[in-house]
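For reference, the structure discussed in these notes is given below.
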Amino acid sequence: MLEIVLITLAKIVGIILVFVMVVATLMTWADRKQSALIQDRVGPNRANLGPIRAAGLIHILADALKTLFKEDFAPRAANQGLFRIAPFLAFVPALLAFAVIPVGDTWCVGGQVSVDPNTLVETCVSGETRDYFRISALNVGLLYVFAIVSLGVYGSSIGGWASNNKFSLIGGVRVSAQMLSYEVTMGLTLLGLLMVYQSIDLNDMVREQGELLFGFIPKWGIVIQPLACVLFFTAAVAETKRPPFDIPEAESELAAGYFVEYSAMKFALFTLSEYVASVLVAMLVTTLFLGGWQIPYLYSDGFHNPFTGELAWSLPYTLVKILQVGAFCAKAIFLCWLQLALRWTLPRFRYDQLMRLGWKVMLPLSLANLVVTAIVILWLN
Amino acid sequence: MSEIFIETVRDDGTPDDLGSVPMSLQMGPSHPAMHGTIKMRLRLDGEIVQKADVEVGYLHRGFEKSCENSTWTQVFPYTDRLNYVSPLCNNVGYAMAVEKLIGIDVPERCKYVRMIMSETSRVGDHLTCVGASLMELGAFTAFLYAIEAREEIWRLTEEVTGARLTHTYVRVGGLKDDLPPDFEAKYRKVEKKIRSLVDDILLLVDRNRIFLDRMKDTGVMTRERAIDWGFTGPCARASGVAYDVRKSHPYLLYDRTDFDVPVGTTGDNYDRYLVRMEELKQSLRIIDQCFKQMKPGPVNVDDPRIVMPDRDEVYGSIEGTIQHFKIIMEGIQVPPGEVYSYTEGGNGELGFYLVSVGEGKPYKCRVRPPCWNFMQAVHEMLEGYQIADIVPTFGSVNMIGGECDR
Amino acid sequence: MSQYVVQRLTERFPDQILETHAFRGDDTVVLKRDKLLEVLRFLKEDAGLNFDLPVDLTVVDWWRKKEPRFEVVYHLYSLGKGHRIRLKVPVDEDDAVVPSSRAVWAGFDWYEREAWDLYGIRFEGHPNHTRILLWEGFEGHPLRKDYPITKRQPLTALLDGKQE
Amino acid sequence: MGLDTTSMGGSFVGTKLTEAINWARKYSLFQYPFVTACCGMEFMATACSHYDISRFGAEIPRFSPRQADLLFVVGTVSHKLAPVLKKVYEQMCDPKWVVSFGACASSGGFYDNYCTVQGIDTIIPVDVYIPGCPPRPEAVLDALMLLQEKIQNAQLDRRSVG
């Protein structure tokens, strides 16, 4: 029992604290540096610890420390209870969702791994299968993610309302409208995927993506459901409330939108929750569409030649697992970067454009995708 | 305009059957989109602006009162700070007004230099305007490209005038100085840079659906209303009024240059954007022709009562000293009378109405600010649109606080 | 500016015109106040004159220099004909009222408010006759020649240069 | 946070903590640009590619005074605008600093007449003044470094720890 608790704790620390939080904070840095790069600037580079400047990375530390020691202010006219709880409502769900995301495959402890020569799926012959790379091996993982992510809207809209500020109220209303609208598309695009993979366990879905189509194309989500991938990514970015979908905080119209009255750590929680949401989007899209931890043609015993199916390059089991986790991280970080590049390239949507895009373009497209997928599956069977 | 929203509030502001009431919201004066100097009281029905009440005056700096207490030459720094995005246009406009009042004509080279400098200033103005409205739309990168191009212009003008922004380069009867000898070569480099940066901006926004959707059919001002409100400049031209002082009443030597006046059709934000982008290119064209036609020669009128003597003369001869002293202490003596002189500023017809009673100071120095007309009409361009449309509309009319509030 | 405009105006309103003159090519017509609106309307609507663009409206204060003290100055332009005219309407200090031209050109709306704000000329019939550049509660009209340039009326308590 | 630094006065931990907090503050200055006039153009130029104020970690504008540390008063402040400035200053959360950008904000500049405030220090306390009409970006960066120095050498009191 103790062992399970310890392992779970270690996984929480490893995935949430080490990966998610670090990537999220790195994103704040990357955001500033990336924008600088795009805009012919240098970007932050002055903060230093002794001689170490680390290309501006130290600025993150300064930001964090400063925010901790900033006056924490609540307006007298605000609804005190809700005002205080809102940042946590925004931040916690974003973190909870990571519980079911498989960063790597299951690990076969103390046993033999046998690889099926046809499907190349590994099975643990003796010994125990352990989920070292996801916090919870929930078999309804996808449903859980949706349940938790949809809670995120409460933090922002409650924060917007409780501040008792008209700008934040408009922001809060926009948040609710935006997040609810895009959740529909997100859900519908995934239905197609569910039909293909016949599972809502995220790790099973990733395993399925390791199979090969026509013998050599990896059966990643992006290959078999390209439209769904684009739609899901767009909708998910819209869910993060980051530019160009940042109408709830629309700096030029609403000053800071729904968190206009928040200062210090509460403000930091709101902004950080957006970055965390970005990481979540990156990890979800990686899991669902980019093959998760899969590396093409790499199976638990090494690289296989896709045409003959023979083992081309044998690798030790541990190394394979580490490579797979690394692949997952690399894909996720690439998607984080993609979101940043989007942010610095596109202008902001207007409220009605956003709604039009959500309801009139993306929703019908995702329905069409669903129908076509269903027909194709029916036809193939 | 929106197709999603249904009017839920009656026009007089009382709640309808759903019991909703309009929200009143005060935007500004310290608001990112209000340039720090405008206050808007909005009546909102959801996202729709039902009524916008614009209040100005937060940057009223007493331009006229200050001018009345300065000599004719001392007014130049004040004019710089009217439309501080294109200060040289203001300089030229004011100098021409005083020259008209005195009744003198400046040498040809001076005219060319004034044209070159006003047009570079106009390029900077339009770049800033387009860039700032893009930034307010969220396209921060395009804004930085525009500012980078503007920076090049500033560096160039700094070499000529000695200042980056507030140049005070033009004088009554001439200029502070001639252009530096290698100016044209430097200008060519800058021009190349500007063109490439403008191409970069176009690449980012020109075919961008978000940008187009946000700019098209928002903030519409029809031709008739625009004329009635007294619009001039790019905003009027975007509404279809083909009026450009440089073309309709050529001053300086604009009649010797060949350039087009872009005219929009619908008067929406996108037209204003297009007109500015096209004018920017036309300005570069004018500068090109000026360089071709320009010949060496004096830049100041030969009149010791108006033009300050050279340094050497001031320190070396008694006439020079007296002349310098008289111009500095008493100011240029301008005959009594009144004139209205108009030029094409960055934002439209920039008129100076000067009244002299024969002293070294203006009795009245009135500027006709083109922005003033835009601001009194801007509520018409906002009502019925959405909150988010305030941003591009307000950006594209290019309200400059210094000019509007004076 | 155009001599034709002056001629036409003199023909049409001979009793309304006090004086006409031209200086450096600017034609000026000095008008009586009584039928000002009628004249302005004629200027805008007459096919030969067609002054459709309101250019400028301001006031000159001739304090201790001239009687009557104020002159309201209009500048008009015709986009179609390309001619300009300056109109001046002298008004007395005690009776500083001019009919509002807001109904003729919408563009003079704020110009009239500004003239009221800075010079204290009232425009009869203006729909929103309030201060515009300065705030409600400001005493006096700062562009009048008898208003001292540095007479300030602060809205906030000043710190007297002392820092906290 | 309720950090009672008075009790740890000159102690080693107290000093080190003060240093660390001040260090963090000086490299993380979120600014509230109170931009009114001409100086705004130079302010833009300072933020943009050629001069790039972001190198000092001071590029993030927060248009909500609650989230800003540094109030840049850029340009002329008229008496009509003065109450707004004061309100914005009061809305800012501690610790906060004010930079008076340009001659007009510092002293009224050459606008000495009925409507202009003769320096914002008659309304709110100012930490750094930048001369110039408008100041060159180099001057702005210099002022920022001065301010950073001032922040680094500041003593913490109960109020500034929040």
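When the chains are written out, they are named A, B, C and D in that same order, and each has its own residue count from 1.
Everything that follows uses one rule, which is that a contact is a pair of C-beta atoms (placed from the backbone, for glycine too) under 8 Å apart; a residue touches a chain by one contact, two chains touch by 3 or more.
Quick caveat, the model's predicted, so the values are computed rather than measured.
Student: Among the chains, which is located farthest from chain B on the basis of C-alpha centroids?
Tutor: Result for max centroid distance from chain B is chain A.
Student: Can you give the whole-Å distance between the Cα centres of chain A and chain C?
Tutor: A distance of 64 Å separates the two centres.
Student: Averaged over CA atoms, how far is the centre of chain A from the centre of chain D? Could you give it in whole Å?
Tutor: Those two chain centres are 37 Å apart.
Student: CA centre of chain B versus CA centre of chain C: separation in Å?
Tutor: A distance of 24 Å separates the two centres.
Student: Provide the C-alpha centroid distance between chain C and chain D, rounded to the nearest whole angstrom.
Tutor: Chain centres of chain C and chain D, defined by C-alpha means, are spaced 43 Å apart.
Student: Send over the residues of chain A in touch with two or more other chains.
Tutor: 39-41, 251, 255
Student: Counting only residues that touch at least two other chains, what does the list for chain B look like?
Tutor: Where chain B meets two or more other chains at a single residue, that happens at 31-32, 57, 60, 62, 65-66, 144, 148.
Student: Can you pull out the residues of chain C that are in contact with at least two other chains?
Tutor: Residues 133-135, 142, 147, 149.
Student: Mind giving me all the chain pairs that touch?
Tutor: Touching chain pairs, listed by label, come out as A-B, A-D, B-C, B-D, C-D.
Student: Taking the complex as given, what residues does chain B use to touch chain A?
Tutor: Listed in rising order, the residues are 2-5, 23, 25, 31-33, 44, 47, 134-141, 144-145, 148, 204-205, 208, 210-211, 213-214, 386-391.
Student: Write out the stretch or stretches of chain B touching chain C in their complex.
Tutor: It comes out as residues 55-57, 60, 62, 64-66, 69, 100-101, 103, 225, 227-232, 241, 243, 248-249, 337-340, 342, 349, 351, 353, 355, 357, 363-364, 366, 368, 372-373, 375-377, 405-406.
Student: For the complex, give me every residue of chain A touching chain D.
Tutor: 32, 36, 39-47, 56, 58-59, 61-73, 251, 255-256, 259-264, 267
Student: How about chain D: which of its residues touch chain C in the complex?
Tutor: Result: residues 79-80, 82-83, 86, 112-115, 117, 119, 121-126 of chain D touch chain C.
Student: Residues of chain C touching chain B in their complex?
Tutor: 23-24, 26, 28, 52-56, 58, 60-61, 65, 73, 75, 79, 82, 84, 86, 105-111, 114, 118, 131-135, 142-143, 147, 149
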